[in-house]
Amino acid sequence: MRELQVALIGGGFMGRAHSLAYAVAPLAADLGARIVPEVLVDVDADLAARQARQLGWRRSGTDWRAAITDPAIDIVDICTPPQFHEEIALAAMAAGKHVFCEKPISNSAEESRRMAAAAREAGVVTQVGFNYRHTPAISFARQLLDSGKLGAPLQFRGAYLQETAFGADPHRWRAKRATGGSGMVGDIGSHVIDMAEMLLGDVVRVAARVRAWVPGTEGWTDESVRLGEDLVDDGGVWVAEFASGVIGSFAVNAAASGRKNQVRFELDATRGAVEFNWNDKELLRVSYTDESADHRGFRTIHTNDQHPDGWWRLAGLGTGYVDVSAIQFQKFVRAILAGGQASPSFADAAHIQGVVEAIHAAAVTDRWVDVPVRTERKVLA
Amino acid sequence: MRELQVALIGGGFMGRAHSLAYAVAPLAADLGARIVPEVLVDVDADLAARQARQLGWRRSGTDWRAAITDPAIDIVDICTPPQFHEEIALAAMAAGKHVFCEKPISNSAEESRRMAAAAREAGVVTQVGFNYRHTPAISFARQLLDSGKLGAPLQFRGAYLQETAFGADPHRWRAKRATGGSGMVGDIGSHVIDMAEMLLGDVVRVAARVRAWVPGTEGWTDESVRLGEDLVDDGGVWVAEFASGVIGSFAVNAAASGRKNQVRFELDATRGAVEFNWNDKELLRVSYTDESADHRGFRTIHTNDQHPDGWWRLAGLGTGYVDVSAIQFQKFVRAILAGGQASPSFADAAHIQGVVEAIHAAAVTDRWVDVPVRTERKVLA
Amino acid sequence: MRELQVALIGGGFMGRAHSLAYAVAPLAADLGARIVPEVLVDVDADLAARQARQLGWRRSGTDWRAAITDPAIDIVDICTPPQFHEEIALAAMAAGKHVFCEKPISNSAEESRRMAAAAREAGVVTQVGFNYRHTPAISFARQLLDSGKLGAPLQFRGAYLQETAFGADPHRWRAKRATGGSGMVGDIGSHVIDMAEMLLGDVVRVAARVRAWVPGTEGWTDESVRLGEDLVDDGGVWVAEFASGVIGSFAVNAAASGRKNQVRFELDATRGAVEFNWNDKELLRVSYTDESADHRGFRTIHTNDQHPDGWWRLAGLGTGYVDVSAIQFQKFVRAILAGGQASPSFADAAHIQGVVEAIHAAAVTDRWVDVPVRTERKVLA
Amino acid sequence: MRELQVALIGGGFMGRAHSLAYAVAPLAADLGARIVPEVLVDVDADLAARQARQLGWRRSGTDWRAAITDPAIDIVDICTPPQFHEEIALAAMAAGKHVFCEKPISNSAEESRRMAAAAREAGVVTQVGFNYRHTPAISFARQLLDSGKLGAPLQFRGAYLQETAFGADPHRWRAKRATGGSGMVGDIGSHVIDMAEMLLGDVVRVAARVRAWVPGTEGWTDESVRLGEDLVDDGGVWVAEFASGVIGSFAVNAAASGRKNQVRFELDATRGAVEFNWNDKELLRVSYTDESADHRGFRTIHTNDQHPDGWWRLAGLGTGYVDVSAIQFQKFVRAILAGGQASPSFADAAHIQGVVEAIHAAAVTDRWVDVPVRTERKVLA
């Protein structure tokens, strides 16, 4: 059986989550390959060694350049803060490695477009860590759309809500531009943009309001002060127009009391509708308009191996974060083995980054802002 | 006990709903007055007679002018299509009657502002039929906000979704300007705007996309054709900025498969959050941020007589549409008896109409549009 | 139009609830008759007068015998405590009146069987106030069963849960035998027994445990002390066997923290299943086993005028306690006009009372106890 | 770091599930030991080899005796059909191995009591695969009970529902005594008995009805035919009395259309209540009776690392079947390292088996049946 040796760059929370996923992915489904957790790299040598030991990596180190040029390595997995993504990814692709990169893909849409261009040039497989989209219930939604059973999409409503702004969350660096962040619109909003674009194609224009909040104060801060150099939105609302004519409503808030980690969407179409909520991740709610008059209403469909990407025969067994992360890497590995492409690719992530930047620009300029058009055809893998 | 004699103008569905509410209101709570369903007027004499008989009105007729100038009448209740509202309301107020008017209050914000000015001039009590806002769970949400327990509001997310566009719905005249409609944004979206303004104060600016749909076709129609003279939106999405700095995300769709009659909102604030859904109308979900770390989460609070406007001692007994309509008229009657003001008044409805027009203008012009500022102080009664 | 004059005996909470229902019933649907609230009788003359005035009754009085023998009266509605039901009902039926009686129908199954026999003898229409069963969603469940779409019933699970035991609830007299009660199994459990027998036919045997609780103490009291002369169960659990072979699991608790007024059931059958919860009273959850492998799951069906007993064209408009009470009296009136029978009749209620007594006997004797067999054929009206 | 070498006996579905759990357990939390998947044994050599390769076991084999006497092995994990459990477990314990055994622990309560006695004798750590109980939300429920915050327990309602009876489920062997099964009461009902006993202590008496169903037929079969030698119940209902005086209602059905894999319970106590449903496994619903009158109701608490056994800092991240299985083995490993005991032990499982047998006996004999008393003190580890 083929072995795929991985170098993991970055030993924090996502490093642990990916390690779990690498362990589960080949056990849960027959991939036709073994994933070997070869080397874990971090700037902190002690952390790297400790994490490697606990998380099952053969070696640890501090030199990412050495790791990515190591001929034994097939896959480079980038879990560093975003300001380092471009440099590492370009080097890895130049070395012919397949690259998995956490989101946000980079500090800016410009950087991410350079990364997408380099990926196309290098001919390697790239994938970005928008993990939630791999939930079987969402894959089932896309299958229903592709099959025509739902008819033509009309309206999308999505939200990502957390209450992390109320705590002393170390992840809050994600909100600050100086530390490579793009606000909560970029950090969590990007997931719901990804879901929308996966299902409906590209967003072309947005109008938006974003806000920042200083914990302990009452109400939003004056965003003109803070949405400048050191952008730190804690949430926002926007409306979007898709190339297809579909319209969408979006909301993001990291100061949403009581919402732990709720990413969700509703999609109305001409012959039906679907509804997904990560807090009920095992199921998709589906409505068909052509039911008999006394039987109309949403069905609650628990996914299993009858649905795309599902493993378990018994629906309701219990899909979790680990499962969805493992599916993410199963797809990546299968794309590598098949010599094809993966989704969401660097090109997809660059487009999402473009949407995030358009949202911020729209909020600051008080105008509808166009999203830069994708330069190559979107591939749904 | 004082008697309040009512003239009902318009014998359709809303006439029936109001008749039910008039019957229930004084039985469910001690109003200190009797409501007498005196005369039901409709252009169709047969319909008027038949409805009066079934719905318990003493008399029927076809001459609304005669009815509203009848000295015996205290209250004129207008349930006609909107294009007739202004003329009837102005005449009724000129005759010194208190006026209850169904929503939308009029064909245009301009008309509704004239009605509001006439109401102020006449010194009568006016109220507009935004019935859903009177749900005890929503009144409780406002009480929590007023008490400071939730802190300062941050973000509002509201939606009103139906699947009426899929049927041959006689109410679809509401969508057409020619028949006095203001699209589904005006017809159902106005309810969620009313809830938002009741809780958060006035909306000042909006950006929007609206769409029309021709049943049987695939996807939205070309809205540039239809959103002209004979405006017929079937839904839309918008973002709004409130005077207070709160931001909001809104969605309306009458082509939302599986959604029967779902008006709902979520409100995040600095110390807590609330969530309401008409399909669970008996309860308010409430979260407080300062709970202990292992006890955070939404509470599901079923309303009863411990909550504002609630009647029943036993929570969970079963609040329905009839109850909420009755509460609406209880408040109207109490305002009349107290010589005070009612909410939502003509002035409130005129502002809502202004928001609806701003949404349509924003959608057509592709720009943020300011909502005309209210000329008098908002009164929360 | 025919007029049906009502004498209401008992001016407490249920008197108010029935008054509301009489007001709403003929407005919400065309009954072909007017219901006239003629006289309200209570032992407390002041209460009777005050309630009559507020609740719209023409007259009040203290002499129930005078009221029920008044030739102008068509319907006697008994809302007194249960120990007075038999005497009043027998007298009213002897006077040729149709009788509506609140539940529990009497102090004992023996009394209730005498009442049922008298009703058969008198040839009048009788109905007992098991109001919840008239919810359109439950009527729809029965329609699905009758149609064969669900196949043959297999297992029933029902519960009625409240937290009234924690408060100083004046209704607690219902729990004490001395004041005509039959414990919470009789007071609220009877509703879920009624639903089960309406859907599945008669229960034939039960095994049970019941318990009493003294507020302020920790844990159940020693039931051997209290389940004697002055029976006061606060809840219990039982298993039941139906004549059809279906098996059922039941639970009742008035000390169920957080449960306001939750009556609910689930029914599994060979081709499908249904689920009802009064807290979601507008909808029935329905599953069909023969769906395609990727579309199995419960549908959430909001009832409207496409479903039996539903009024409103717009599903989701908001069915409440008032609506369901009004449906209850619509059915009673229609049975009177048609010269037929109503459900649940005195005979049905007598059988339910027999089940309640069997549960108490089973709990005390530690054995399965047979329910006395119904002496006449059950009629589903 | 200490290494614990595992021999897995049985290469079917549970073998895969355990392999996943062994991979995840040490990555998700610092155990202070490494779990080494050493040898996978199955009677089918090809299956053993294939599964070992995919699931990451170093070796495979067909000789379970060789495996369990191998000095390198620390843990024997038994995933065979139940009729082989006793022999393997006794041999493994005699060899001084710690033993993890899937449920049902054996063919009969008698066998399981012998196994429990041998475990006590051998002084090894034993644990049985009642995996669902390890859900952090359930551990939190027990913590709340232990802390006294809920007061004294009053009533328990539990159910385990599936629709597996409708399909050609290879797991149906579990229902047949000839193949080591104890019906669905034993197969899935045992999980909810385990949860009840974990929270409330031992069940002492039961009354029950069980039924069998032949797919394709209408209604339950004549159970007197089938509940004999080759016991195959497809579900049942029972009431239980606990040693503490708490009463409980239970239902199990494998012919519950629309229920995928729903194990759930509700527990009412004197100061509060909790509710758990595996389909919402991430959260516990908690009510406290002493809330202010307008704030009573269930809270929806998503578990995280603030709750017992929780790993993730971010509540709502997504607990799944894999997580809960991994927690199960984390506890087993920690008990081994600490030289203590694990729960549920062989003794606990033997008691559960006793309850299952009492349910079957109660159903057949039509009487309340006592559960054999545990011969040694229950240990909650």
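Per-chain residue numbering starts at 1, and chain names A, B, C and D are given in the order in which the chains are listed.
Following the convention adopted for this analysis, a contact is a pair of C-beta atoms (placed from the backbone, for glycine too) under 8 Å apart; a residue touches a chain by one contact, two chains touch by 3 or more.
Bear in mind the structure is a predicted one, so any value in this text is a computation, not a measurement.
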Shared chain contacts [chain A and chain C, defined touch]: B, D
Selected pair, greater C-beta contact count between C-D and A-D: C-D
Centre distance in Å when chain C and chain D are each reduced to the mean of their C-alpha atoms: 40
Chain A-chain D separation of Cα centroids, rounded to whole Å: 35
For chain D, residues contacting two or more additional chains: 259-260, 296-298, 302, 315
Chain D to chain B touching residues, read off their complex: 140, 283, 286, 293-302, 306-307, 315
Chain C-facing residues of chain D, complex: 151-155, 157, 159, 161, 163, 166, 207-211, 213, 217-220, 235-239, 241, 244-251, 253, 255-260, 266, 268-273, 285, 287-289, 296-298, 366-368
For the chain A and chain D complex, residues of the former touching the latter: 1, 16, 19-20, 23-24, 26-28, 30, 53-56, 162, 164, 259-262, 278-282, 302, 304, 312, 314-324
